[in-house]
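What follows are several structures.
The following pair of complexes shares a single chain, chain A, combined with chain B in the former and chain C in the latter.
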Partner chain A sequence: MATAVAAPTRGSGQSAASKKTWWSVANLVVLLYALIPVLWILSLSFKTADTVTDGNFIPRSWTFENYAQVFQIDLFTSALINSIGIAIISTVLAVVIGTMAAYAIARLDFPGKKLLVGVSLLIAMFPQISLVTPLFNIERAIGLFDTWPGLILPYITFALPLSIYTLSAFFREIPWELEKAAQMDGATPLQAFRSVIVPLAAPGVFTTAILVFIFCWNDFLFAVSLTSTSRSQTATVAISQFTGASQFAEPTGSIAAAAVLLTIPIIIFVLFFQRRIVAGLTSGAVKG
Partner chain B sequence: MADIVLDNVVKRYPDGTLGADHVNIEIADGEFIILVGPSGCGKSTTLNMIAGLEDISDGELRIGGERVNEKAPKDRDIAMVFQSYALYPHMTVRENMAFPLKLAKMNKAEIEKKVNEAAEILDLTQHLDRKPANMSGGQRQRVAMGRAIVRSPKAFLMDEPLSNLDAKLRVQMRTMVSKLQQRLETTTVYVTHDQTEAMTLGDRIVVMRGGVVQQIGSPQTLYDTPKNLFVAGFIGSPAMNFLPATLENGVFRTALGDLTLTDELRQHLEASDAPRELIVGIRPEHFEDASLVEEHQRPKGSIFTAEVDVLESMGSDKFAYFSVQGEQAMSDDLADLAADAGTADVPGGDTGTLVTRLSAASTATEGRSSEVWVDTSKIQVFDPHSGRNLTTKEATPAHA
Partner chain C sequence: MSIDSGARPTVPEQGRPAPSHRTGKPALSEGKKAERKLGLLLCAPAAIIMVLVTGYPIVYAVWLSLQRYDLRFPAEQEFAGLANYAAVLTSSYWWSAFFVTVIITVISVAIEFVLGLALALIMHRTIVARGLTRTVVLIPYGIVTVVAAFSWQFAWTPDKGYLAALLPEGAAPLTDQVSALAIIILAEVWKTTPFMALLLMAGLALVPDDLLKAAQVDGAGPWQRLTKIILPMMKPAILVALLFRTLDAFRVFDNIYILTQGSNGTGSVSMLGYDNLFKAFNLGIGSAISVLIFIAVALIAFLFIKIFGAAAPGSDEGKR
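Presenting the complex of A and B:
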């Protein structure tokens, strides 16, 4: 093929090829950086207790015992259910409230709009650790401590700024004329919002849902401070409380197995919604 | 179906600028009316006020005799076609057209019937299950039309519906819109900045500028007796030629030489106490190759000789362009028009060029001198300060 390339175009071809090489190298570095720890954990989870510390990337002897062990711990199973329930409820609520707030911010002019945006930004920047002690005291006083709502409420608070920001960016991209058209077609503002705007903002809604879900799923700080029993302890907390077979055994294998198990729902969640994040869903609405 | 009356309608923006300044238009039932003007003239604002998408600051809007100022768009029972089509991209063509009917809580069978009827009219039947993203511009445009007509509303509002189409398709769609309107006999308000569209489509045309209605009339009235320089320059393609002129001893002294006035015009100008410095406007078709003018016609006009700059042969006609020496006609109206056409900042643009339409038989050649005859009886005369047309009685206000 190289011989077929005419002399004048060779220069640009070469530079394009070298550009491509550079990008590939850069991508590879980023991928390795992100994936090696994950693969390492995966490898640990398949190692037997004797070989955990041998330093081999590929386990010498494979075992599923770690996984079996994880499910024998009662705490972990209930924690997994808590995690799933709390994360899903928080995500749904944060996205629904966020959608309405973001729409208002993107489309309407109302007094105090800047203040609202400012406050939500403030919440996003607020160091969460500084709220742990007050929240702990408040929740104990009003009986929310160690309950699902006790975790869902702070999760929504911290997920809302994120969802409002992401969603208002999406709403801004939807041509306003569509809404005017819906109004002319006889829709009330609510009907226009529901049957025209929300379906079009779907990619944004799903993106936001993924981000919020990951945030709730991964949280450790609130989960460890605001829960105490299997009633509401989440999986991240449960892992931290694993014990080894004996007092002196490190539960490395079980922790690795549990960590792998914890990433699976996120991977499923992302894969499931990724298909709905179809770029250019609004193409065809207006002159493209 | 209903008539639409704009009674001293004003649009005042929060910063005090006027989007529409005391607009008075009476649109008869079933009439096809065009709002035309350069961008920013208030035509879209006016349309949006009729639609209910913008608030009316002052005045009254009546549809079918009923005041609708305070009514929401959905309660006005009018349909709108947007410049960008504004189709719902997540719905198929069928769903798009059914949307207004569904909102009106019509039953399914009837929706089906109406959508099929509209699709039939617009030749969209085989596309009903496609999504807008996979359609061509012309098809999308027809879907937008379909969504408007299914509901049989009191009126159609169209906001530059054809301006996103390419030139050839635009001409086809223009005919389609015209036929559709004749067939449905629904009151239609159509906004465009294209004077050709305005001339070909409308029963009547409203020319707007800076939020103020300049003139309302049939296309021919606007063409023959424009009320002012702005209307004269806006309507017609190629545009009317404007030349500064001095009225002296019953002749106009212009860069083309002396142009004799008809007795009627001279008497009229004297009677209306016209200033000596004027602007004369001559339409391109009122020029002719002098050698082709019959002997008995010649005294009705004047003849000048000039070098042809550019000659464009259209087959049926020839357009000859001449450079005009000397001063150019100056007026706010003309400056506005030039700004709109984008010729204001083009060196040697429209200004200073005389456009003439000669018969195809003309022997005029580029770079050669040519004798050109002007039909002076068709000359329009304007006041350079007010822009007012001084030529005819009906074009001047009654009190003048």
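Presenting the complex of A and C:
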């Protein structure tokens, strides 16, 4: 193995196997880095109330009590539905609107381009804590307070700067000339766009989608200030309102259980989209 | 596959000159006009939403920062000019919070960049369990920040957590400034490195494999390939990743709020703003702090864009 590390890609046969070992070790390190703190939360969620503070990494006695408790809270189920709906709608809209703007910024020449880039950065920079109170006042006045659009609009707004920056940085590196080449080879503009540009752009678009979804899913500040009932309260707010089994018990176990439950949709979402990232790249290489 | 991939690197060089450079100022051709119209049309939805939602709140916050406005004494509201700013800038609370924030930002972003690049390279190149690795790496970023911070706090609390158990008897790492800052940085780095890694990986995806193979054939080692080919080609992605992470890191709030509540000299500027707005109800001072944070962050962004120059979005010169 030591020799393979020194000369990674020369030779064949024996070094292919050791290359695999090398990558396995690297992957393992990465997995441990990402997972140890997560396993700690998982472990807290399975601990019984009297062992939750014992400091053991692996629970000494296991229980599903915490998970059962989470679902007994009426608010949590509705909050989960609100979270999923609001996050998906916001992600789709932010990515579509962001893609349009980023395409224009990366490829077209028009007045006000610099202004748009500057303003969107300005919005990304302003401390959100000072924007919450005026937003609350506006939403109360126009009846958006405690509704889905009342959260979706701010989410799109604060996701847009990142979307525009990521996507335009990505779009300008795409070899757009390939599109023309495909058209010269007899493809219609739509065909050229679909089979050449879309696969090349897909990794950037899906990367942005993942980041925007996580931003909306994890937001606490806007959700806690712009909602008040089960109509639109999201899961992060619901967690913050957990109380223990008794009035004096800390709800550590159920908070951990809720956090684990809240992470599952993220894993599904990422699993789904990271496949697209890979698919986008390979199909681009084949057809390009 | 092998036939086509050979043609890729040569195409960009021929067609690169951007169409914007060809036409002079005076007369706009038909195509040019259409291009302008399309550009404005495509940007309109984004611009309208952003201005509608944030226009009034931002103006209102700036206006508040110029008022003497304390919710405990609402009758005394009056225009105060820059008095709030003077009060903040001469306060030792602001400057100690400022330095704490700078330390957290610089150290965590530096570690995140190195670690994020390593993660991105592994996620991009690995030949075993690629899907699993890419998914698992993102889990830290996906976990609700407040809960993650809470779990770190639990882990470092003596008698309650597995990490505190590794320390010598009697150590309480969250109550000492240096070790508490280290824990805050650890929590930040762990949580947001995946963000960096994902953005960098999207940049890596655009570096053509053929180019790397060609360089390898010409005798470039792994380090040379990284610094001479991969990093320069990823410049736009690196700019976005560093810029947005720095902006975020400078406004660090959740982790500190849960881990130390800002005690023992660990409060950031955002904590200070929050305390003034929502605990002391001094809207004037709190808003002035917000505007100062904004100015500090704007300076950082300006520096980044100057350093990266043409790689910044919207600049025409960068189209190689």
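Convention: the second predicted complex is superposed on the first by the 221 of 288 C-alpha atoms of A that agree within 3 Å, B and C clash if a C-alpha of one lies under 4 Å from a C-alpha of the other, contacts with A are read in each partner's own complex, and residues count from 1 in each chain.
As a convention for this text, a residue touches a chain if its C-beta (ideal position, glycine included) is under 8 Å from a C-beta of that chain, and two chains touch if they have at least 3 such contacts.
Bear in mind that the values here come from a model prediction, so they are computed numbers and not experimental data.
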First, second, both or neither for A:N218, with chain B first and chain C second: second
Partner chain(s) touched by A:K180 [first = chain B, second = chain C, both, neither]: both
First, second, both or neither for A:Q191, with chain B first and chain C second: first
Partner chain in contact with A:P251 - chain B first, chain C second, else both or neither: neither
Chain B versus chain C, judged by how many residues of chain A each one touches: C
First, second, both or neither for A:L262, with chain B first and chain C second: second
Partner chain in contact with A:G150 - chain B first, chain C second, else both or neither: neither
Doubly contacted chain A residues - partners chain C and chain B: 175, 177-178, 180-181, 281, 285-288
Partner chain A, residues of chain C touching it in the complex: 1, 4-5, 8, 11-12, 14-16, 18-20, 32, 35-40, 42-43, 45-47, 49-54, 56-58, 60-61, 119, 122-123, 125-148, 150-152, 154-155, 159-162, 164-165, 190, 194-195, 198-199, 201-203, 205-206, 209, 216, 222, 233, 236-237, 239-240, 243-244, 247, 251, 253-254, 270, 273-274, 277-278, 286-287, 290-291, 293-294, 297-298, 301, 311-314, 316, 318-319
Touching residues on chain B, where the partner in the complex is chain A: 51-53, 72-74, 78-80, 82-90, 99-100, 103-104, 131-135, 137, 140, 147, 151, 157, 164
Complex contact set, residues of chain A against chain B: 175, 177-178, 180-188, 191, 195-196, 199-200, 202, 280-288
Residue ranges of chain A in contact with chain C within the complex: 8-9, 19-20, 23-24, 26-27, 30-31, 33-35, 37-38, 40-41, 44, 53-57, 97-98, 100-106, 108-114, 116-117, 119-131, 133-135, 138, 153-154, 156-157, 160-162, 164-166, 168-170, 172-178, 180-181, 203-204, 207, 210-211, 214, 217-218, 220, 236, 239-240, 252, 255-256, 258-259, 262-263, 266-267, 270-271, 274-275, 277-278, 281, 285-288
